[in-house]
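Look for chain A in each of the two complexes below; its partner is chain B in the first and chain C in the second.
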Partner chain A sequence: MAEAHPVGFQWVMEAKKRGATVIHVDPRFTRTSAVADLHVPIRAGTDIAFLGGLIRHVLETGAYFEDYVRAYTNGPMLLRGDFADTEDLDGLFSGFDPETATYDTETWQYEGATAPSAAGDRDLDVHETERGEMPGSGGAPIAADPERDDTMQDPRCVLQVLRRHYSRYTPEKVHEICGIPVATFHRVAEALVRNSGRERTSAFAYAVGWTHHTVGVQYIRAAAVLQALLGNIGRPGGGILALRGHASIQGSTDIPTLFDLLPGYIPMPHAHRDEGLQHFIESNAGTKGFWADLDAYVVSLLKAWFGDAATADNDFCFDHLPRLTGDHSSFRTVMDQADGKVPGYFVVGENPAVGTANARMQRHGLASLEWLVVRDLNMVETATFWKDGPEIETGEMRTEDIGTEIFFLPAAAHTEKDGTFTNTQRLLQWHHKAVEPPGDCRSDLWFYFELGKRIKARVAGSDDPRDRPLQDLTWDYPVDATGEPSADAVLREINGVDADGKALPGYTALRSDGSTSSGCWIYCGVYADEVNQSARRRPGAEQDLIAAEWGWAWPMNRRVLYNRASADPVGRPWSERKRLTYWDGEKWAGPDVPDFPADTPPDYVPPPGAHAAKAIGGAEPFVMQSDGRAWLHAPAGLADGPMPTHYEPEESPVGNALYGQRANPARQRFERADNHYHPEPGTPGAEVYPYVFTTFRVTEHHTAGGMSRWTPHLNELQPEMFLEVSPELAAERGLTHGGWAHVVTARSAVEGRVLVTERAKPLRHGDTVIHQIGVPWHWGPNGLSTGDAANELLGVSLDPNVHIMETKAATCDIRPGRRPRGPELVTCLADRRRQAGLEEEPR
Partner chain B sequence: MNSLSGPLADPSADAGYADGHPPRVGFFTDTSVCIGCKACEVACKEWNALPADGVGDHGAAGDVLGLTGMSYDNSGGLGASTYRHVAFVEQRVPARDSAPVDLGMPAMELPGAVQPGVDRDDATEVRWLMSSDVCKHCTHAACLDVCPTGSLIRTEHGTVLVQEDICNGCGYCIPACPYGVIDQRQGDGRAFKCTMCQDRLGAGLAPACATACPTESIQFGPLDELRERADARLAELHDRGVGEARLYGRDPDDGVGGDGAFFLLLDEPEVYGLPPDPVVTTRDLPSMWRHAAGAALAVAGAVAAAFLGGRR
Partner chain C sequence: MIGHHEEVGVRTWIEGWPVYRQLAGPDRLGRGTASRSDGTESLRARTQDADRVTQSICPFCAVGCGQRVFTRNGQVTQVEGDPDSPISRGRLCPKGSSTLSLVTSPDRVTTVRYRRPHGTDWEDLDLDTALDMIVDRVLDTRRRTWQETDDEGRYLRRTMGIASLGGATLDNEENYLMKKLYTALGAVQIENQARI
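Let's turn to the complex of A and B:
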């Protein structure tokens, strides 16, 4: 966190100054480890084994917060009799279909009730083939009350199922799998337990070191299970903090750049299932909690987009929305590009030619397009691959053969335009333009506004029904003297207005009759009282700990989600020390905005047939879940299991020490000639790629380098691509500190300077010594500081829930000296693949 | 003549500033919270428009832009274009939770270090110290004392400043600095060092480095306040069992009369590349001149005696 989020890390240091214990779990010893109280080195890709060990410790020692678990989690719920755990099926849950590598999740449900997922697509009636496109987590409508046992002793209740699921995740097993000494494991477990419960809370912070795995979603789920058991959710100082990959990635999920979501986590309609608005609402809204008002959110969104053209008679233009026909995620699309199925591509503020896994495949995709638009601050590799990319050097591509027409458009930086950043705690913070953008650089807002105007002008006179969505689209924003559209006006449109055109106060004011509009329901309220609430900057020293007047957090400026859980079932704070939201006899009170219907008393029991907020019981804090509870076992919403389970990465040097099933059975794999995977451990050829590598970032550079490799003051601080190795590995492979070495996989080879450091330490897995190599991924051929791109090394294998790639754990070899160049690189890689049995001998 | 050594409450007054001049300001760099992000280095170079060493328009120019191999430190040290420098000290040391055993054996390693590459067991652990170094703005600044042109001055804020339009590049200040801070810029010839952002101080702003520091490792303010804060922080760390914490450059009785930029360190100064007992190099100038004058008198006397004796 100190490496990649140094500004946010100031608050960790502040907490440490006040006495907090900081524990850092990472395969590498980083700048975070340097200031942590304890660094826990871990074998890359084994965090669920570690977290599962902690879950087991909490369950077996009785250290969980029992009152909280009973009342606020689904620990007491009974599961169906036909549910089978990984303990029964050697690493699989019930419902797995090996043919399609997908789960039928029916048997994961509660006894006597059915609960769909809480965000994204909650339609349970999904074709097997579309399962991969089901995003989201959590829960929504429940047809009936599930059976439960509040003593939590029934062997079919979630808590007992969980206990059994993790029964073999002992400290000794954690040591064997993760390489973490038993004593170190106990130090972590004891610190965590000591600092959780009624009087104290602990927080988890993670970044892409947890998400970039074929089991990425389950990593986060494991932390959620642990935090729910310890009572660390919905309470001050608790929670799980997602540190995103770069600025405002949270914002680009809220108002998504994701193919399967509409703004505010509303699912994207499917082509064949969601034929009308009513059907869409019925299959995705529930009856209970805030998702029950989905119709108001969707209609208000359609009103924001299509204005007066959207009427009750035409389903508010619901049919204007594009439809999903399958997996349109990033990697699927790039493979389709490489196969010649995609004509055009916008790349905005990204640099896939070096910044995305299997960079070679990415470039082949780019080279197979008809046209490509690149908007960036600098002339990044994605815009120049056609003349100086690695394939030009190896002879695999010739410039004259590449038909892609490339438009490079210079972009304004965040300091050169107004707008918001939405960060990890859902906090929107406005930034004002500090300087004019240089030359022809323009903001993205300007670009899309102008593009939209031009396209609308082109179709203005068309009577082709296909053009109706474009004709009906509202596209009218005030511009300043330079033609720059007002970002403030866009934010106000996102907030939404009522029938009189006044800014709405919050999402509870949204209506399904077409009288309100809102571009993103969860952001409704950011422009309450006609004020840009995100621009507030009252210093923290002048506010209480909640600091409600710094920026604006969705939803409703709430700073701690599910904060009803900071009080006990009858509404009293669990402890005075950790008081936040509590029932004062008339309403929910406290410094934060209650994440609960403000006047629903703790003893409220919803009458039969109650709807939406009125259907939430007074002691059910998890208001976005169908049962009002935190889920230790997820009866729906996940593609790869209801409880996190340790699986090895796609590529690892050892087998699964817990189950016969080695890796995530539902992970997405792509067996293609341009996407080789290494042999499984213990099979012939695996020894060709004996080491583990993990990609990482340093403070001095930014992601794939598009911003930082052109900045002299940053380049002098981290001037060259380097490879971090332990003294032991350096001795084993003859690597010299400061000299050259190259890392080799079946995909490619990259070179860098060797940094031999005692910070890197080999781990033991039984009798096997495991060496881990740190490979920073900031470099590429362009800019002032140049070097090979780490993403050349990676293959594409994905998490089945969110289609994210595994970049944080894979296998490789490392050799002294520079890598082969030109055509020699191609033949050398092929030789290694043949050695590993991945490729036939040429005839 | 200004005083050259010993405690001195107000160096600006000593330099002739009238009553009512601003209070003496400085830096307190608390290395115990430094995360090595180098924001200070970048903010300093940006504000002071300093060149990046070795970066040309078309990539690495010369051999300066390259991995130094010294952990994550690639700027190497303070210099004419680097007024802030973050040191990275990577060492294997006895584990914090194992009892330290001091055999008192003489060794070539830095204090507290374990022989690299050996003893990689649980009794040892890696530590990675980070510390942002800067000009110390000494109470008694030898660079200033030896400057023949008056380019180096004591400012109204009590800091030491090079006036680059007056500097003639003689270089006397460079060996005079007991910390090796000030340096000549290649191709320019003049001497440069930290100005404590004199141009910001006048406008009521804090220096760029302190403003950019995310963890308040670099604190800026009136020196009296900083010394109080540092004493409190040191006591806090000692209470928490961080017995190795110490202040460096805080003491007005030290060889330079105390530093305007002082530090909280977590080990001996040598570990961070700082001199353990710096002394203003001009401290002995008065006695040297006295001795020189005595010697001259003696020589003159001897010569006179020779002549007088010769006439006898």
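Let's turn to the complex of A and C:
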């Protein structure tokens, strides 16, 4: 965190100054470790074993916050009798179909759940995976009011099922799997327990070190389970904090440029499942909590997009929306590109030619397009692969043979346009335009507005039904003298308006009858009172810690999600020390916007048949969830298991010490000639790639370098690609500090200067010593400092919920000296693959 | 200069010498007042000469630090941390501190570049022409790759021929127009850094 989010880290240091214990769990010793109370080196890819060990510790020592767990989590809920755990099935849950490598999630449901979310659907195999991101603003829909045992003693209740699931995650097992000594594990467990409960809270912060795994979603779930058990959610100083890496990566998830979502985490309709609006609503809305008003959110979105053309008689133009038929995520698309099936591609402020796993496959995709539009500040590798990319050097591609037509359109910088970024804490902050963009540089707002305007003009007279959505699309935004559309007007459309055209105050004002519009329901309220709330800048020094008048956070300017959980079931703060939101006798009070209908008393019991917010009881704080509770066991919404389970990465040097099932059985794999995986541990050829590597960031560069490799200061500070190895590994492979080395995988080889450092520590796994190599991923062939891209090394295997690739743990070899160049690189890699049995001998 | 100092006295002249002040005064490390000279006094920070200060947000990671953008005659002259921000309290990291270089970089490309199929070098292209050419390609590709129904007759109403990547470095309003336009076009392979 100190490396990649340095200014955010100041708050960790503030906490430390006030007595907090800071623990850093990371394969590498970094600037965070240097100032932490404890650095815990861990084998890359084993965090669920570690977190599972902590969960077991908390359950077995009775250290969980029992009142919180009973009232606010699904710990008391009873599961069906036919649910089978990984303990029963040696690493699988019930419902697994080995043919399709997917789960039927029906048996994961609660006992007495009358309408299990998955069972009624016709496309089970695609169902959960495509809804994996819907819980971005709440849980998956489930039937409310299942059977429960508030003593939490029934062997079928979630708490007891959880206890059994983690019963073998002992400190000794954690040591064996993660390489963390038993004494160190106990130090962590004791510090965590000591700093949780009524009087104290603990927080977890993570970044892509947790998400870039074939079990990435379950990493976060494991932390969520632990934090829910300890009562650390919805309370000051608690939580699980995602440290995201781009200025508006949260915003581009909320208002998704993602295939499977519509704005506000509404799923994209599926061809088989969602044949009409009514069916779509029924299949995706719960009956309880804020997701129960999905109809109002969807209809308001359709009104924002299709205006007067959207009426109750035509399902509000629901059929204008294209339909999904499966996974259309980025890697699938790139493979289709490489196979020549996708002619056109827009790349906007992203640099996949070096920035995405298996970069060679990315470039083959780019080289197989008919046309490519690249919009960026700098001449990034995605725009220049045809001229001087790695395949030109190896002779695998010739410039003259590449048919891709390329338009490079220079982009405006943030200082040259108005607009909002949504930061990592869901806070929308407006940035004001300071100067005009130079030359042909334009904002992306201008580009897409202009593109849409011209396309609409072209199809204006068409009678082809496929052009109707374009003809009906609302696309009138005021422009300034330079032709720049008003970002303020777009933000107001996102907020939404009522039947009189007045800005709506918040999403509870949205209606399903077509009288309201809103481009993104969770952002409704950002333009309340006709004021751009995201532009508010009352100085922090004039405000309390909540700082509610700086920017605007979704939903409803709430800064701590689920803050109802900061009070006990009758509405009193769990402790005065940790007071935040509480019942003052008439309403929920405190400095934050209550995450709860403000006038719902703590003893409110919903009447039978109550709907949406009214169906949430006064003591059920998790209002975005369809049962108002935090989920220790997820009865719906996940593709690879209801409880986090330790699986080894796609590539690891050892087998699974807990189960016969080695890796996540539902992970997505792509067996292709351009995406070789290394042999499984213990099988012939695995020894060709004996070490572990993990990719990482340095403070002085940003992602794949698109914004940092062109500025002088940053490249003086971090001028060169390097490889971090331990003195032991350096001795084993004959590597010299400051000299060259190259890392080799079945995909490629990259070179860098050797950094021999005790910050890299070999770990023990039983009798095996495991060496881990740190590989920064900021470089590429262009810019002021150049170097090989770490993404050349990685294959593509994905988390099945969110289709995110595994970059944080894979296997490799490392050799002294520079890598082979030109055609020699291709033959050398093929030789190594043959040694590993991954490729036939040439005939 | 010597003559001037002779007029005001040798003592003043000696005291004007930084080394003397460092040795004789309280600033023994020479990091404060001792090192100041007439030259120092005449320096003016770019922030003082700015004719406008605009509040902004750092474009790198998602912490969302506040920035103040100093401009003079329509050019960015300095970018500083915004002390008003309750998130960053005026601080910027090395990346955020490089923002001035990022937005004023001489290497920044400011004209449209065009590479024709099988071409061996970039060519110039007018922005307006480029837009029209892109519109042509979008509509043509969409027509050729349109899928009205699947093989079971269910509505798809989409193209699998146009993909898009990027969004996490852009504004919410930009992502919104992108998703809105792509969806109306029937393009579904829309992705960004949040996944990869």
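Remarks
Methods note: the second predicted complex is superposed on the first by the 812 of 843 C-alpha atoms of A that agree within 3 Å, B and C clash if a C-alpha of one lies under 4 Å from a C-alpha of the other, contacts with A are read in each partner's own complex, and residues count from 1 in each chain.
Simple rule for what comes next: a contact is a pair of C-beta atoms (placed from the backbone, for glycine too) under 8 Å apart; a residue touches a chain by one contact, two chains touch by 3 or more.
Computed from a prediction, not measured in an experiment: that's the story for all the values here.
Because the two structures share chain A, they can be overlaid on it, and in that overlay chain B clashes with chain C.
Contact with chain C, but none with chain B, is seen for A:537 once the two complexes are overlaid on the shared chain. Applying the stated contact rule after C-alpha superposition, one finds that A:444 touches chain C and leaves chain B untouched.
In the superposition on chain A, contact of A:699 is made with both chain B and chain C.
Of the two partners chain B and chain C, more residues of chain A are touched by C.
Shared-chain residue A:17: touches chain B; no touch with chain C.
Once the two complexes are overlaid on the shared chain, A:7 sits against chain B and chain C alike. Touch criterion not met for A:79: it reaches neither chain B nor chain C.
In the superposed pair of complexes, A:755 makes contact with chain B only, with no contact to chain C. In the superposition on chain A, A:452 makes contact with chain C only, not with chain B.
Contacts of A:320 after superposition: chain C is touched, whereas chain B is not reached. Aligning on the C-alpha atoms of chain A brings chain B into conflict with chain C at a single listed stretch, 152-160, out of 152-160, 188-196 or 242-250. Overlap of the chain B and chain C interfaces on chain A comprises residues 6-7, 10, 699-700, 712-714, 717, 783-784. Contact residues on chain C toward chain A in their complex (touch as defined above): 52, 54-67, 69, 71, 74-76, 79, 83-89, 91-99, 101-103, 105, 107-118, 120-122, 125, 127, 130-135, 137-139, 141, 144-146, 148, 150, 154-181, 183-196.
The touching residues of chain B, when paired with chain A in their complex, are 33-39, 41-42, 45-46, 51-60, 64-67, 69, 71-72, 74-75, 90-92, 116-117, 120, 122, 126-130, 214-216. Across the complex, chain A meets chain B through its residues 2, 6-7, 9-10, 13, 16-17, 29, 31-35, 181, 183, 698-700, 712-720, 722, 727-728, 737-738, 753, 755, 757-759, 761, 783-786.
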